[in-house]
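Structure first, then comments.
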């Protein structure tokens, strides 16, 4: 089992994590605008996460913590 | 027949022409000191000159004119 | 559950000011991870340069100096000659390192100065709004090559690694890229190796990273990664340019 | 009798200030001969630099500009971009070109600037009394390496031709030597070719000449020529570094 | 009637240069003046001119040195740190008596400082940031219209006197937009440039551009020539604006964008019944001492206002020569003096 | 008692620096100060110090920036054109509040100029050749002995105030030999350098050396700090020599080597029955205004003598403030003022 | 006396600067004196942007405002920073879809428009600034809709002229609220 | 009052500067105030060299001389340039093997020594300057032969000390003329 945690306030909505997730479980949350005016990324099906940390590896803003 | 002409006032007595002359007919004239304080080079046996212009080619100060 | 990925200690826990998707942020993390993993944060002095990363002294947790545009290698030399047992690195953009700072990088390399240079090649001046850099590709449109870079007018892009590799000073030079996971992982190894070279006292090390500037390239962050892959890699081949056989 | 050798017209008929036996004088004559033989004296603008040859604007009969230390390639760029139909050359020492002027020469070369550079490598700062130059050989004693150039302290000598040859801009780069008749004749051909490259609009050309500094080497002029042959040629191999196959 | 356009100060400088016949621009990007380069990059190819982004400010000023030697109208621009890097080149061009235009759109210093407007390079511009006894003509526009006109003038003055002319602006002027009225044709001075190094064509002696004269007697003679030229300029080229000085109780001395703020102050002061005037130097070198002679009798004090710690202040004090009190107020590091601050200072002076 | 040696001014500066604890020297050769580098190249390895010939003056000042950031006593030296190239770095180091010593052995300018002695970089040194509102402490020795003592002082002042101190000499001082008396031990100020970037060892917050503050309010605050420091220095650190001023009819104001020539003038004048005194500024910044207050009532006029077109002259006029006439005579471009010239000027003043 | 001093502030990318430029341009077309002063530099990157616009009968003393007669804010930080700049009785217009609080001052005239929502609903988020300009025109009369339209034609490249009718619609929608 | 102001001038390479330095050094050993100011820079290369030496009882005002009490010239240009520097009754010493003319002034004391010839004859051309210094010492008393000898030991590297007796001989030969 794996878990990813996103610090939404740090996310700039660049979409890089979305693109690299092998499980395609990250998406842009169009409902929310964070303090900096971005739509943050979020994980929609956490249980599918394999903890590969691809998302965290490519995130330029250190938004993501990965546990396994 | 060949002729070399040295502008003695321009010579700095560096000795390069003396070294490269295949006929070894150039020498330092220890009798003279030119206006800049140097012993100028001079040709001692002009008739041996073959007009190869080695002396003029290596002279850094354009002292030498060669005719043939 | 164990933490398999978290922000490195050597990266201060504050937001960074870079544009969304700009890979400067990845480069920062890689450097910080290297400091963490080699346990050298406490003895490292970093030199920030002038470019979008001018204020990364806020981000790196080690002691930091902000250097004049292009002069980071000279500042680093001053530091390293003062504190030979410390670890000294510079972090420079392509305008900084390859334009105004050409003399400083060439001579630091020629001296074999025992420092590490992190060189961010994004083929543009990011900070000042997208002017041509020495590394701008031919035909690339920038604010100072509005009709595209034309070799007749603007000359040819400089390949820094290749140029510095002609010198006897550098111990290790490698070009890496930040455009996908695989390459980011390779980039990290290169950064670590560069610091190890310095720790071992082998001399000058430099890692050039192909990096994006979505803002001034006028692209989305994803398109920007693709541009590295599709356009930059060809002109800037990845690989080790000096110190191939060096073991540290 | 025909004149087989006389001072070229492009060399003003006044004494030069160089030390006895200094090969700067030969280099001057070769440039002047090229201007004569190519018939370009009247449309040439030469740029003198800062070094022993700072005032060769007295010696060259073409229009001349005295440039700040190291900046001759930038000045030449300004001239050539203003007068594209004129011929523009710089005459620079190794301190001028390879130390303070590193950025300017690299970028003029990278731009493929259509100018000709005459580069006098005498492994020393002649004018300022014999300090280390970037080209000073290892172990060489100078006034700033009184115990000999030590790569650990002072780094390694830079090979300018090799470094610039990694750029795409240069059309023609050759290293020649002034230590004997044969090489002086080859040097002359190189100088002529460099100017021809410019006349043909092919871009950047540079001729590096291995030259002596008897005064600061502490040698007689003859010993100095021998030093080129015995010590310099090995580290600075002669030959064409760019534009081998270029016909002009 | 000419064209009327809403334009950015920086762009107007570029456009004015082109209209003044400048076809050679060499520069290196720096905020807040990059728009000059952007404009040049776009326009120069269209008018057959040269825009070249140099590898550094040092290279740029030396390219200017080359183009000026070749007899061309040429310009470079930068902002504070970049101008510091040009100091050697500026001294050289001054020594070699080359005409060219240098633009400094000042930002807060020292060091990397900031990018907001400042006037803290006044000393550097007017007293010589480089080495040796030289001067530049320094023009300080205070509106976009004036940026246009003074840029054209700068080229004419440079050519007339064979020396550098500097446009000294700041981030406000560079970044603001105003309406500018272009003339149909520019008044271009055709100076003799037979000294230029353009190739002698075997028709004349070879020309030489140089700043070195190893014989000190010769170098002194050369310097005396420079000083004599500067004396003539100080006599003939002082420019200034006097605004409501006739019956002013306090005269503000301010240049550039600060002079505009001063005009706001004058309005506010008027509302309070205080008569304030403005002496606005347009040439910073030569400093308009004549303006002071015109008004010296009137006010009870002068108040120098600058975006600096007080640099022009010294020239004001030298011009006033102890005849009236001279006060100062200013802001630094990119902060802009506010009407309120200046009013407070005025009230303080009056309370003395 | 210390050592007594016959030494060249340039070498004494180098020796003094080493005695003051300087173990880091970065420089680039230029006449007439190369002997400093030669001396350092020989001596530094012997005392475990670093001599490094930089690739340029720009690199050298930035190496100084690095070594000063690392908390070391560090020096660079050059002459006029080289100092112009250091202006950006000087502004940066001033902005970042780094202590270091910069030596300028002036030569004739502008441009490449000449290599003979000059004082035409006074403006550059004292008003800021770089950009922004900054100052350096500028010390002007007038003998080889003073070159020694002021160099040691320069390091102490730099460390005390965390700023640059400049030794401003000229070709005469650099090249001449005199006897110098070395102390057995130097009075070395041990300043707190906990701000230095030496690696935090995981024991403290990371230190940062920077000169940029993008928020103008912050940058202004930083600048106010600088200005306050400068105010304190202007109050506490003025230095000068008053020589025979008590009953002088005319007081010569001169510094450095020219002050020595002035002493010859005083002798000659005495023979003619004219009482001449000398006010010799030792700190050029802060300018010794206090010296003027001490003597202002006495002379009928001041005569500034410089090897320049009249640069310190402005500071003299500001200090005198119109209370007495101020005259000037000087030579330029490497020419040295002669006793006769100065005497002629004195006679002219008296004839007025 | 005709004198309008306007500050427009928000995030970079919200069209803050182009809004200001359009007003200045339109003012010029109306025969008025105008000035426009933008914030500049890298702090605009992802950060905040603002500009100062003056439209006046008389020559403009200073383009830099420390007071204004009208204020448009498009994010929270701008509300914090600029509210105090507004003169008594001045007009404050906020994009209420982004600005979370109302002004604290009561001596001003406040109008909240959900401009970003309105624009998104209408299909072009980029026009949010135009709704706010509409409101500004209505409340201050700084320029006319006609001059605004002419300004659009003058400022936009030919290729974008087809969008102008939509923009005018947004303007009128803003005026209508 | 003990005050000697000496100018020594000739070609570079004739030992002009070392002669001056030796005198200054010897003066110091005699307990006097001394200064030494050399010409410098590239013009020395092949060109001329000169130096100014002051030995005095009192502190020395300026090391730069525009008059002198003694003058040594070792080439023609130096005679041209410096003759006028000499004070009335001053001592002029010339290397007559190189300086082709006598002084034009008659208000001075002139001594011509064929120093270069003497030195060449004695086997060491480099000592020509010492003959002239000998004459200077004799005519002016600026220093003593004893202090000169001490100066040689102080200034020369150990490796050259064996030459000192020869140099002293040259000095005495110069004094003897």
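As written, the chain order gives the labels A, B, C, D, E, F, G and H, with residue 1 at the start of each chain.
Throughout what follows, contacts are C-beta pairs under 8 Å (C-beta built on N, C-alpha and C of every residue); 3 or more make two chains touch, one makes a residue touch a chain.
All figures in this text were calculated on a predicted structure; none of them were measured in a lab.
Student: Can you give the shortest number of steps from chain D to chain F, where adjacent chains in the path must touch?
Tutor: When the steps are counted carefully, the minimum from chain D to chain F is 1.
Student: How short can a path of touching chains from chain B to chain E be, counted in steps?
Tutor: Minimal hop count between chain B and chain E: 2.
Student: Quick check: more C-beta contact pairs in B-D or C-E?
Tutor: Of B-D and C-E, it is B-D that has more C-beta pairs in contact.
Student: Which integer distance in Å separates the CA centroid of chain F from that of chain G?
Tutor: Going by mean C-alpha positions, chain F sits 54 Å from chain G.
Student: Determine the centre-to-centre distance between chain D and chain H, using the mean Cα coordinates as centres, and give it in whole Å.
Tutor: 41
Student: If you average the CA atoms of chain D and of chain G, how far apart do the two points sit, in angstrom?
Tutor: Between these chains, centre-to-centre, one finds 62 Å.
Student: When the C-alpha atoms of chain A and chain B are each averaged to a single point, how far apart are the two points in Å?
Tutor: Here the centre of chain B sits 85 Å away from the centre of chain A.
Student: Note the residues in chain G that touch 2 or more other chains, in rising order.
Tutor: 41-42, 46
Student: Which residues does chain F have that touch at least 2 chains other than itself?
Tutor: Each of 31, 52, 55-56, 58, 81, 88, 92, 96, 111-112, 115-116, 210-212, 214 in chain F touches at least two other chains.
Student: Which chain A residues reach two or more other chains?
Tutor: 12, 36
Student: Can you tell me which positions in chain C touch chain D when the two form their complex?
Tutor: Contact set of chain C toward chain D: 99-103, 106-107, 110-113, 134, 151-152, 154-159, 162-163, 165-169.
Student: Sort out for me which residues of chain E touch chain C in the complex.
Tutor: Residue list for chain E touching chain C: 28-31, 34, 37-38, 41-42, 45, 51-53, 55-57, 81, 111-112.
Student: Provide the residue numbers of chain F that touch chain C in the complex, in ascending order.
Tutor: By the definition above, chain F touches chain C via 24, 26, 50, 52, 54-56, 58-60, 62-72, 74, 88-89, 92, 96, 197-203, 206-212, 214.
Student: Please name which positions on chain F make contact with chain H in the complex.
Tutor: 4, 6, 31-32, 115-116, 171-172, 175-179, 257, 260-261, 263-264, 267, 336, 338-340
Student: With touch defined as at the start, can you tell me which chain D residues reach chain E in the complex?
Tutor: Per the touch definition, chain D meets chain E at residues 12, 41-45, 47, 54-55, 57-58, 60-68, 71, 74-83, 86-87, 103-104, 106-107.
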